[in-house]
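Below, chain A partners chain B and then partners chain C, in two separate complexes.
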Partner chain A sequence: MAEQALRKAPLGGFHGGSAVAHVTAAGPASRLSLRAGADAVSALSKALGLDLPTRPKTSASSDGRHALWLGPDEWLLIDENGADLAALAAKADVLHSAVDVSHRNTAVLVSGTKAAVAIASASPHDLSPAVFPVGACARTVLGKIEVVIFRTGEQDFRVECWRSFAPYAFGLLAEGAEDAGL
Partner chain B sequence: MSGANRIAGQGRLTPARTARFTFDGKSYEALEGDTVASALLANGVHLVGRSFKYHRPRGIVSAGPEEPNALIDVARDTARRQPNVRATVQEVFDGMKVTSQNRWPSLTFDVGGLNNLMSPFFAAGFYYKTFMWPKAAWEKVYEPVIRRAAGLGTAPTEEDPDHYANRYATCDVLVVGAGVAGLSAALSAAATGARVILCDEQPEVGGALHYDRSVTVDGKEGFVWAQEAAARLAAMDNVTVLSRTTAFGYYNHNFVGLVERVTDHVARPDRKAPRERLWQVRAKRVILATGAIERHMVFGNNDRPGIMLASAARTYLNHFGVAVGKKVAIYTANDSAYEAAFDLKRAGVQIAAIVDSRGKPGDAVLNEARSHGIEVLTGHSVVDTKGHRRVSAITVVRNGGGGKRSITVDALLTSAGWTPSVHLFSQSRGKVAYNAETGQFLPGTYAQDCLSVGACNGTIGLQATIEEALAAGELMARATGNDGGEKVELRGENAFEWTGGMAGAAEGAGADTNVKAFIDFQNDVCAKDIRLAVREGMHSIEHIKRFTTNGMATDQGKLSNLHGLAIAAETLGREIPKVGLTTFRAPYTPVTFGTIINHSRGDLFDPARKTPMHAWEAAHGAIFEDVGNWKRAWYYPRAGETMQEAVDRECRTVREVAGLFDASTLGKIEVVGPDAAEFLNLMYTNAWDTLKPGRCRYGIMLREDGFVYDDGVVGRIAEDRFHVTTTTGGAPRVMNHMEDYLQTEFPHLKVWLTSTTEQWAVIAVQGPKAREIIAPLVEGIDISNEAFPHMSVREGKICGVPTRLFRMSFTGEAGFEVNVPADYGQAVWEAIWARAEALGACAYGTETMHVLRAEKGYIIVGQDTDGTVTPFDAGLAWAVSKKKTDFVGIRGLKRPDLVKEGRKQLVGLRTKDPKLVLEEGAQIVADPNQPVPMKMLGHVTSAYWSENCGHSIAFALVEGGHSRTGQTLYVPMPDRTVAVEVTDMVFIDKEGVRLNG
Partner chain C sequence: MLLIYCPYCEEERSELEFRHGGDAHIARPTNIADITDEEFAEFFFLRDNPKGLIFERWRHIHGCGRFFNAARDTVSDKFYASYKAGEPKPDLSAVHPATEKTVETYEATEGTAK
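Moving on, here comes the complex of A and B:
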């Protein structure tokens, strides 16, 4: 019996940025791309232990688990504690599609007084607190790639992207963080 | 003093703070805050450049971005060098090297100046007329000569060591221009709590207050008030004030491009700081307060150094403390120029005369001129000037003739009036309207949520400007839902209201004359050139512009457009609005490529996508090839191996032992839902409802027109779940294609698509020993041939982590594709590799994959197909369901052209000389001896040396190919003609024994 294969994150150990915007690789998390109609929301919410948001650009969080609204029938679920989200969703006996994307995505964390400015070096999305408060999320662009930006605190953002785009996203955010500090 | 022409007590610069720079190698002293133009003028340098066409000596015309003449090359070092910088906006920094342009060998002695003597041959449109014949001369003579002469300045050849930044921003109100109007608008908008961005192209705010010292606002000198107002704004949380920031482009939906010059004025910039920063601003409302640009007078020889705009001379005096001459005359059609005379006179400069082309100037300025003892010649005009490198005298006549006299001067200030800067308004797609009373084109119909205020809106009078701007600021802020704060009130006063102005040629430069009365300095367009263009049949202003090149220089006609238009209108006998304006295009002033590119350079130019096993592959000597944005291992040369030798070895090893291949880049889409099979039935030509869970099928996807769009293997994981694979390059568009059909054509289906391309690392293990290699690592799956036949899929574990294990092959060998969650990819690869290496297997790259699949007759969509190939053409008719009544492309396939005889079809080719490898793309003919142009039957799509076959192999698209098996065709190449035999496409293991082993 071979020994268990070790996990290697695409951005393992990356960190950079500036005093006003730290840029670091997020730790591993389990993720689920969840698709379902409106009639399935309450059953899925119950199964997943949080209320799936139904308003654009909003999220729900509970104990390290986050549900991000990406579309009228689409959510990105992230569990920082690595829970088996697909198994949880399967408990709901309603029509839905649950696809494990834990390894498809990775995340860059941007934190600091100028975190929003750092992200704005490459993303046109309006991150001002009035329209993008804590808990807001959006699937948008960062430079040439698609990302999901999730505001986890006044000065904290989680930028989710596909793994092969992560070094590019990290590089852009690190440059943006440098410029935000000038 | 830094410069003999600096007047003590004048201007706002600090005498003690000096900076040294060189101009054409000579060292000069400047003050901090000087522009190159003000520093040169302070040192008595007026000759700064040569015109583009005639190489006439030229001086500084303006004090702003409209400058047509003073284009310079500015360098820190050989790499940090920029040509065509306007000396009037470039601030001096200590150690800068400035070089003049468009002259050889030197600025004062320029061989190209002969063009001036030859000017009769260089009339408008000379390009179009002169270089027509003889035809042969074009390539050898005309084009090389024109190319050498064309273009301004020389681009640096070294890589730009500076870096550039980008910032997206959103705001409620963007105010462009921070003169009195812009500041007022920003103050009232900001007071409501609205998010405001205020930008101005100059180092300090103030706009016209730089030169207009007669203005007071709230009892303070205008310029002082402006700085205080900007400081108040900058201190507010809801306001961003950007100086040295030009709004250069106004795009759709109030999207405005700004360029901020961050370090171009700094002697020793912070290494981290970008040279320039691009701001891409999305504003809910835009207020344009872009002011107006003074026009010059159009008369004979009006281009000598020392002849400049009146407002420019005021700027040099009042802001920089520089007198542009010792004996200065004014030539004007407008009251505003009188104030230049008053300011200079007060500073101790001799005013030779004010020549006013109008019979009746404003009484206020006339009286003031008298009180200064300045001679005013009303109803007179300047008709000529003298002086080679600087104006030395002007010739004045009474309008209508007589009274001719020569006046000695060393500078002449002119003003024909003010042109509102409607550039950005026009870029916003707003329509300008002509105001016949003031002779101005003004904002008419707005196309976006935008307002113009102040001089750019034609508003006359200081208090009227302030009130208009305050109201606009408040209105726009409230429109974005901000209604806090107190009303802002401001009181402005100034000395004179300005009236007057003219456009077109002045006295002595009219239709009956042939003098060089320049309207466009940089491109050497004179009044007579416009008339010539009209005479030669150009009646549209757009044609006139292109024929004469008026307004086509780097200043984009900021000074010349209205003059050109007025002369064209006069010559055509039409009114100005009937002739119309040319289009204002972005950018307002030139923007560097570095700024536009900003972060997108080096590693950040484009994402370089790497698979989870990339590091292993690199460490094992892989050479990579680009496939889309992916870096894929191409081949793994061992020491001393050529590419061909490496590929031959890899090909042999896979068929004899086994090989490992990184297939992670294949597109993957998870199709989930009760209607998943029905959806795939519609998207692919094959039938999917008959596929059992645990089995796979090769599928063909068509476009609506019936041509092959993509292919791939689809595994059924469960009744309601499919694992679809696509080509590497096709992954994003196939996903879009499917999503598009799902949402628009088949919205009734209960099915969802999720891209899982990057969820899975895919390790293909192919070859006779493939099973032996993976067997000990797999848990929970019986991988025996009986339990797990070709085209199967199972879920289980490998190396202790979850896997979707496929039994499939793109080599023709028995093979597996091990899908594991991507973070485990490298560890699982290494575990498999340890077994593979011990058994004598190899890692192989995309080149070997290409050869192996071709040996087996497998096509690559996009290489062997080109968007005009049907499944039948590709020999894949077996993959098109005969039973299905509908799928995307089913109707397309029935089109007469797609079913007719003689279509190009994919076949195999074997060269008669087995060692010879065809060239991909080579054309195929039936008879190599037929006359040229030959009838082409098709072309080679894939060609390789097959080490396993011992001969070369190829695929080709050939007319009626399927019925040509056994025929000999020919591939004519430059050095020889290659005879080939048409074969089927399978070169190895035609029975499929190996595949199922």
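Moving on, here comes the complex of A and C:
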């Protein structure tokens, strides 16, 4: 009988893509679903060490930690170094809701000259640089599932999805990446 | 594919991100315990189903998550305006003619043709 639970990466062993759009599984990260009113934003920003964005589709990043605007009172926080974001948020003595979703989500990284084309094969969101520049983020749909798309570079995207949908998201993106290379 | 303007995201987004939420501006009676069953049914179940301009609730469920209101033409599907929840109905008389009052229900068109 196993003495301890083993952590298994949801996309362990997955590989795909093409020369123009690489599709890879993102490494583990801690994540926080944060809800708060406008009056709590400055205290939470201080506690989390970055300015929570208050404009649609914008994000803030600092040392591998990202705050993504999802709605007028909602953010997705991602820390690639695995910091305990809920504990940090709890230091702010203001009304807020913080739910650790580190293991609810996983992410697929799409990069390359045609990364946007690969994603656009399954998502209606406009990813052109004029309206979706580096740092832009948005919750939208990819095929039949909900995702958060975050542009981390000119040719680099992070696609956050729910863990149980990850093989579906990866498959769609890998297929889109192959088509983009034709 | 329809593009719907979300007043919270401040841009047009694909209809795939939205969910329809029924008629807007339906006010709950303040004297709900006093009204008759018929009056309650009128408030709770019955909607006008207009041909033409309609004010509806929509939710940007796969985007910012917010409910908002929109004015749409039920014939052409054209969206005339989107505005935040809680804001009053916009005046659209300049861009849209008055809605036809005729309602084509089964009863109205087929009810007597037995």
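Worth a mention:
Criterion: the second predicted complex is superposed on the first by the 177 of 182 C-alpha atoms of A that agree within 3 Å, B and C clash if a C-alpha of one lies under 4 Å from a C-alpha of the other, contacts with A are read in each partner's own complex, and residues count from 1 in each chain.
In the analysis below, a contact is a pair of C-beta atoms (placed from the backbone, for glycine too) under 8 Å apart; a residue touches a chain by one contact, two chains touch by 3 or more.
Small disclaimer: the values here were computed from a predicted structure and weren't measured.
Of the two partner chains placed around the shared chain by superposition, chain B is the only one that A:Leu95 touches, whereas chain C remains out of contact. Of the two partner chains placed by the overlay, only chain B lies in contact with A:Arg104; chain C stays clear of it.
Within the superposed three-chain model, A:Arg163 lies in touch with chain B and out of touch with chain C [touch as defined at top].
Residue contacts after overlaying the shared chain place A:Leu172 against chain B, while chain C stays out of touching range.
Comparing chain B with chain C, the partner in contact with more residues of chain A is B.
By the touch criterion stated above, A:Arg7 is placed in contact with chain B alone, chain C being left untouched. By the touch criterion defined above, A:Leu68 lies against neither chain B nor chain C after alignment on the C-alpha atoms of chain A. Touch criterion not met for A:Ala26: it reaches neither chain B nor chain C.
In the superposition on chain A, contact of A:Pro124 is made with both chain B and chain C. Of the two partner chains placed around the shared chain by superposition, neither chain B nor chain C is touched by A:Leu48. For the contact definition in use here, the residues of chain A common to its chain B contact set and its chain C contact set are 124-125.
By the touch criterion given at the top, residues 56-57, 70-72, 74, 124-125, 131, 138-141, 146 of chain A touch chain C in their complex.
Across the interface of their complex, chain A is touched by residues 1, 8-11, 13-14, 16-17, 62-66 of chain C.
Within the complex, the chain A residues that touch chain B are 1-10, 28, 33, 35, 73, 95, 97-105, 117, 120-126, 128, 143-145, 162-165, 167-168, 171-172, 175-176, 178-179, 181-182. Considering their complex, residues 165-170, 195, 262, 270, 272-274, 277, 280, 282, 599-600, 603-604, 606-612, 629-630, 670, 672-674, 750-752, 754-760, 776-777, 779, 798-801, 820-828, 831 of chain B touch chain A.
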